[in-house]
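Structures given as structure tokens follow.
In the two complexes that follow, chain A is the common piece, with chain B as its partner first and chain C second.
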Partner chain A sequence: MSARAVTSKLSFLGMAGRHNRVPSPYPWLMPVILVMGLFYLYPVVDVFRYAFTDLTLLGGEGHYTLSTFANVLTRPELLQILWVTFVFTAGSVIGQQVIGLAMALVVVRSEKRHLFGTTILRTTALIAWVVPGIAGGIIWKMLFNEAPFGGLNSLLRLLGMAPVQWLSDPDVVMWSVVLSNVWRGTAFSMVVMYAALKAIDPSLYEAAEVDGATARQKLFFVTLPQLRPAILVNMILITIQTLNTFDAIISLTGGGPGRATEVLSLYTFNVVFRNYDLAAGSVLSIVMLVISLGLALIYASFLPKDEKA
Partner chain B sequence: MKLRTRDRLGDILSYAFMAVMFVFFAWPLIWLLSMALRTRKEVFLGVSRLIPKYPTLDNFVAVLTSSQFPVYLINALKLSCLSAVGCLIIAAPAAYAFSRFEFKSKGVWMLGILAFQMISPLVIMVPLYRYMARLGLIDSHFGAIMVYIALGVPMVTWLLKGYMDGIPKSLDEAALIDGCNRLSVFIRIILPLSTPGVASAFIITVIAGWSQFLVPFLLITKDSLVPIGVGIFQYAGTQNASTIQILAAACLISVVPAIIAFLALQRLILSAMTAGAVKG
Partner chain C sequence: MKKSLLAALAAATALGCLPVAAENLITSDRVGPSDAPKKMVFRMTGDGPSSTDPTWAAGYTKLYTDFINNHPGWQLELQMMTGDISQEQARMLEQAKAGHAPDCAAIDSFVLPLFKQAGVLKSLSPYFKKEEIDQLFPFVRDGVTGKDGQIYAWWWSTDLRVLYRNKEIVPNAPETWADAKAAALASVKAGMEGMLFNGSRYEGTGFDWLGNFWGQGGKLVDDAGKPIFADAANRDKFVKAVNYYRDLVESGAAPKRVATIGNYDDFNAAAAAGTTAMFVGGNWQYRQLQNSMDPAEFAKWTFSMLPGITADQRSTGTGGWTVAAFSSEPEKVEMCAALAREVYMGPANALQEQLPTRTDLYDKYDVFKSEANQTFAKALKVGQARPGVLVYPEISNQIQIMMGKVLTGAATTDAAVDEAYKATLDAYGRL
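Showing the complex of A and B:
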């Protein structure tokens, strides 16, 4: 078919509308709408439907029932799973935000002072960010190796310190997992904070200087208030990312020891694909959706209303 | 005078902080490289052989000449490249419409597309696994690629829209007056001018596809079809302390392509990323 024939065929779809007509966007949006509808919207609707059944992955049509909901939400392990998820998410998000902001501040200051090493630091952090989750888990498992030749324990021994049971001590393992997640995720926060810092109007600092503000006052009364919207948006993004983290944990601890690092996403995975309990997994999926949505709304309510920074 | 000593002190603190952070980010990668270059004996010597006395490339040779790993790498390349192409084909027209047309509820559509990205891939994989099983698309690359595409479309749409916003609308208008229709404006003018944006969106999607684990882990069970992320996870599960150096080499080989692709287009990717986050 010639190009002319294609365009004349498409013209009735509105794709080839002339400039004097208002073109309809929908033919252009159609592929995206179809893909999102088939692979996101329809499955999400189905998750809600499954939650009210007793379906399993082993086959069978299942029946509609409310008991799955009641059963899942009263499971004794659920509270522990939620607590583990909370500690992991809060630890990772706070760690990434604080370190990312600190790095961005230092990098901006160092660039102004022409100090050496800012590009190297930024690139190294970003390389860690590009490492796939599974590989990240495997790398940190080597570092956390508890044998005397492990990547961190042999370093500690060199410094004359006692070895740490990074992955087998239930009280330590969560912090090991948070550490590995902060390693992989911080570069994103750093880049966002860096861009936001660069976007602050320099005349604000000039005004502060005229008023005789100290460096600390400039940080607390100019920089941080100006960064507020960017910090909130960044927190939304990394919170959701952390809640959905799955591959980095499954390859580092597999959720263990016991249930010490079994976060909600890993638990959901185990319920559906290890216990084949599709209905219970759907209830847990809804819990995940509700948590992400709730958190996003809470953060968003802190955003300044009038200025869409 | 006092100001200068204060600046000096600040510089020293900055250097100290940057040094600590550099060690934190670099140490795992240095350790991985060190392990991958060691012989089995030196693995047990820990940090004292950070620079191996008898460095060897045997571990890399062992990985690349094994029967599975080259297959895993090719599978990963195929899945990530084809899905990136699919993503672009689906997202580019929508990006053009979002960039050029004014229509009701445009903002709602754009936010809606972005909001989908907040949904954990795990949530949609629960029912998708069932559909794919019914359609007989388990153990097919086609099924996995379709899901990869869906996961990538929201971001690619936003990235391309952002890039196309930077192309002057007067170009469209001039072409329309000359008798081009919208489709040929899009194909002949906007797409060629968007090449840098398209390239960075392509690379970002390829990196995301390369890192993909959950989707192929669930949809692909046959060892000959598995991409590197799943392959290395299963390999790691069968290893013990005496083969840790081979696992390190395999891990390094799986990570390096993503790093190189990223470094090559770092500037473009970063500006695309931050544009979205800072604009809010």
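Showing the complex of A and C:
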């Protein structure tokens, strides 16, 4: 091996002599590239590969074909599934963002005033967040149970109110599912908003007070503009999280009645694990990926340019 | 003094050690000594030492202890399935195809054809005598036999659906759909919530209801396995059976919440709470009701065959569990067969009063001579198993979706049936 080749190799490994000491990033990046490639990229590549086949879980080699795409994207139920997914995601994201922000404002305000119960409020919200989705679904199923001994309806009866068909009315069931998801996910938004609120320069509020701004004006002209990047990042994260949610729904409604609460992730799960159609499930996974990426890009386009960097 | 103290200490140590040794033999995820040289992984349902029913748990603990004592040098690693059977079985099928299946597992009889088709099961024929196989009910024998004539699982229990009722409120067994509706409406007048049945996205929804279709002579699939439940010959029967459930809800004979029920335990809870007088349940619930109610309350409950469109057009769905081997090591396959034989084929049937699949076992165990089990055995004669075809899971899925739409009034019966039929034909075309 020539001296030049050795130097070049050492340079690649970041071990070159002192005279040309520009450390190569590759040795340091290799572990993360390997891990990302192995555990993240490879499955994604496999999903794309399966989508162009007719593979099932039932055996057989499968053949490469474009017909799976055509078949899945023209299924009559797909539009309804997408609509249900839109309503569930929009309801959950708006609910989690608004309530999370409100709770963060209350917590920050309470801390400033040293009010009792701030920690209890914060901890209670966080408890809901750490409950696994399946368990959360079961808890809400017990609450929404429409039997005479069901949780929420028993409470309504005690108050002299009529029981509600939480899960059997197709017009109500989606909002029951959204409620359970907002309950579970709000704590995450609260934590993000709380951190962002703490980072706002107090001098901005002092200046607003000098100018005679009311509390409402301070919220709309100081707080919300300052929170904009955090709100957008939070919305990207909770949108993707909500789009992937199916564990809470599967244990609460199973996607029913009919298809009233069958979101895209649950539909994908059903196609793979109940219809055994691996190829169709892969196509649906790509649809989910495209939707998630599209929404993330739309949100990101609203980020201030310097924040993007 | 010193001697007696030492003796007491030794006795206490010995006594203390005994329970520890006994406890160590069975844990929540292991049977047998942890240092046993040979190990078989068994993926199981609640039919084992971890049963939620204390009586059954104790019974299985004894059966498993005896079993492992008969097989020194072995330990069983127990892997528990969740209640979502369809999902569990699909995952296990995928694991099996990837070569990561457990050595031995419980497989629900209705998905057994999928495992046989995938070629992932090992033959159990060498471990069962021909006379034993010949004793199986014909539909059971057909279910476990592969195209090569070998048996690929041991189907040890079967079950069926019946109509439970509180005799104080519904004294006479409803024989027809009209009887059932009238009885349910009478129970509503008595302050009950009417007749309960599974109606949500759950395998039991379709299966419990199918007897109403089969009783009229309806067929789900043809000999080639193609769905035909809504073709010219069957559509009218199918629609009538769907409308029977629809009418129960619309008339108030069944609460609308049936569209949210997907668990047999909900019926036990309602019966125990005294809020229902009728429900469509499985034969295994008879013992569950007995175990969960005080004797006076339980005495009010009985059951009868599912009603039909007429009294002589009745049927019921029969299912059950099998034990099958995946391991490529013959020693483990033999151990799996031994587990099926020594724990499940007979002893477990008797313990849980789960109906045996062998005719001779009905005479062997006294529990099956009881009036209740004789009635179950009679109903079994009009029982029908789910078709062992690849498209059945999708048929079941579509019936669940259809039922949800019909029971909540989200779609007309005709539209929902047509949609379900088209979807199953599409799925059949893709398989």
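In the analysis below, the second predicted complex is superposed on the first by the 271 of 309 C-alpha atoms of A that agree within 3 Å, B and C clash if a C-alpha of one lies under 4 Å from a C-alpha of the other, contacts with A are read in each partner's own complex, and residues count from 1 in each chain.
In this section, a residue touches a chain if its C-beta (ideal position, glycine included) is under 8 Å from a C-beta of that chain, and two chains touch if they have at least 3 such contacts.
Here the structure is a predicted model, which means the values were calculated and not measured.
Partners chain B and chain C clash in the overlay (superposition on chain A). In the superposed model, A:Ala199 makes contact with chain B only, not with chain C.
Of the two partner chains placed by the overlay, only chain B lies in contact with A:Arg157; chain C stays clear of it.
When the two complexes are overlaid on their common chain A, residue A:Ser110 makes contact with chain B while staying clear of chain C. More residues of chain A lie in contact with B than with the other chain of the pair chain B and chain C. Once the two complexes are laid over each other on the shared chain, residue contacts for A:Leu79 go to neither chain B nor chain C. Judged by the touch definition given at the top, the superposed model places A:Thr118 against chain B, while chain C stays out of reach.
By the touch criterion stated above, A:Pro148 is placed in contact with chain B and with chain C alike. In the superposition on chain A, A:Leu57 makes contact with both chain B and chain C. Of the two partner chains placed around the shared chain by superposition, chain C is the only one that A:Ala260 touches, whereas chain B remains out of contact. Of the two partner chains, chain C is the only one that A:Asp277 touches; chain B does not reach it. Residues 57, 145, 147-149, 250, 272-273 of chain A lie in contact with chain B in one complex and with chain C in the other.
Against chain B, in their complex, chain A makes its touches with residues 3, 7, 10-11, 15-19, 23-25, 28-29, 31-32, 35-36, 38-44, 46-47, 50, 57, 99, 102-103, 106-107, 109-110, 113, 115, 117-118, 120-121, 123-128, 130-135, 138-143, 145, 147-151, 153-155, 157-158, 183, 186-188, 191-192, 194-196, 199, 229-230, 233-234, 237, 240, 243-244, 246-247, 250-251, 265, 268-269, 272-273, 278, 281-282, 285, 288-289, 292-293, 296, 303, 308-309.
Residues of chain C touching chain A in their complex: 84, 86-87, 90-91, 93-94, 97, 114, 117-119, 193, 199-202, 255-260, 262, 266, 269-270, 273, 275, 390, 393-394, 397, 400-402, 404-405, 407-408, 410-411, 419, 423, 427, 430-431. Chain contact summary for the complex, chain A toward chain C: residues 54, 56-59, 71, 76-77, 145-149, 165, 167-170, 250, 253-260, 270, 272-277, 280. Partner chain A is touched in their complex by these residues of chain B: 7, 10-11, 14-15, 17-19, 21-22, 24-29, 31-32, 35, 43-48, 89-91, 93-94, 96-98, 101, 103, 106, 109, 113, 116, 118-124, 126-131, 146-147, 149-150, 153-154, 157, 173, 176-177, 181-184, 207, 210-211, 213-214, 218, 229-230, 232-233, 236, 241, 244, 247-248, 251, 254-255, 258-259, 262-263, 266, 270, 273-274, 277-278, 280.
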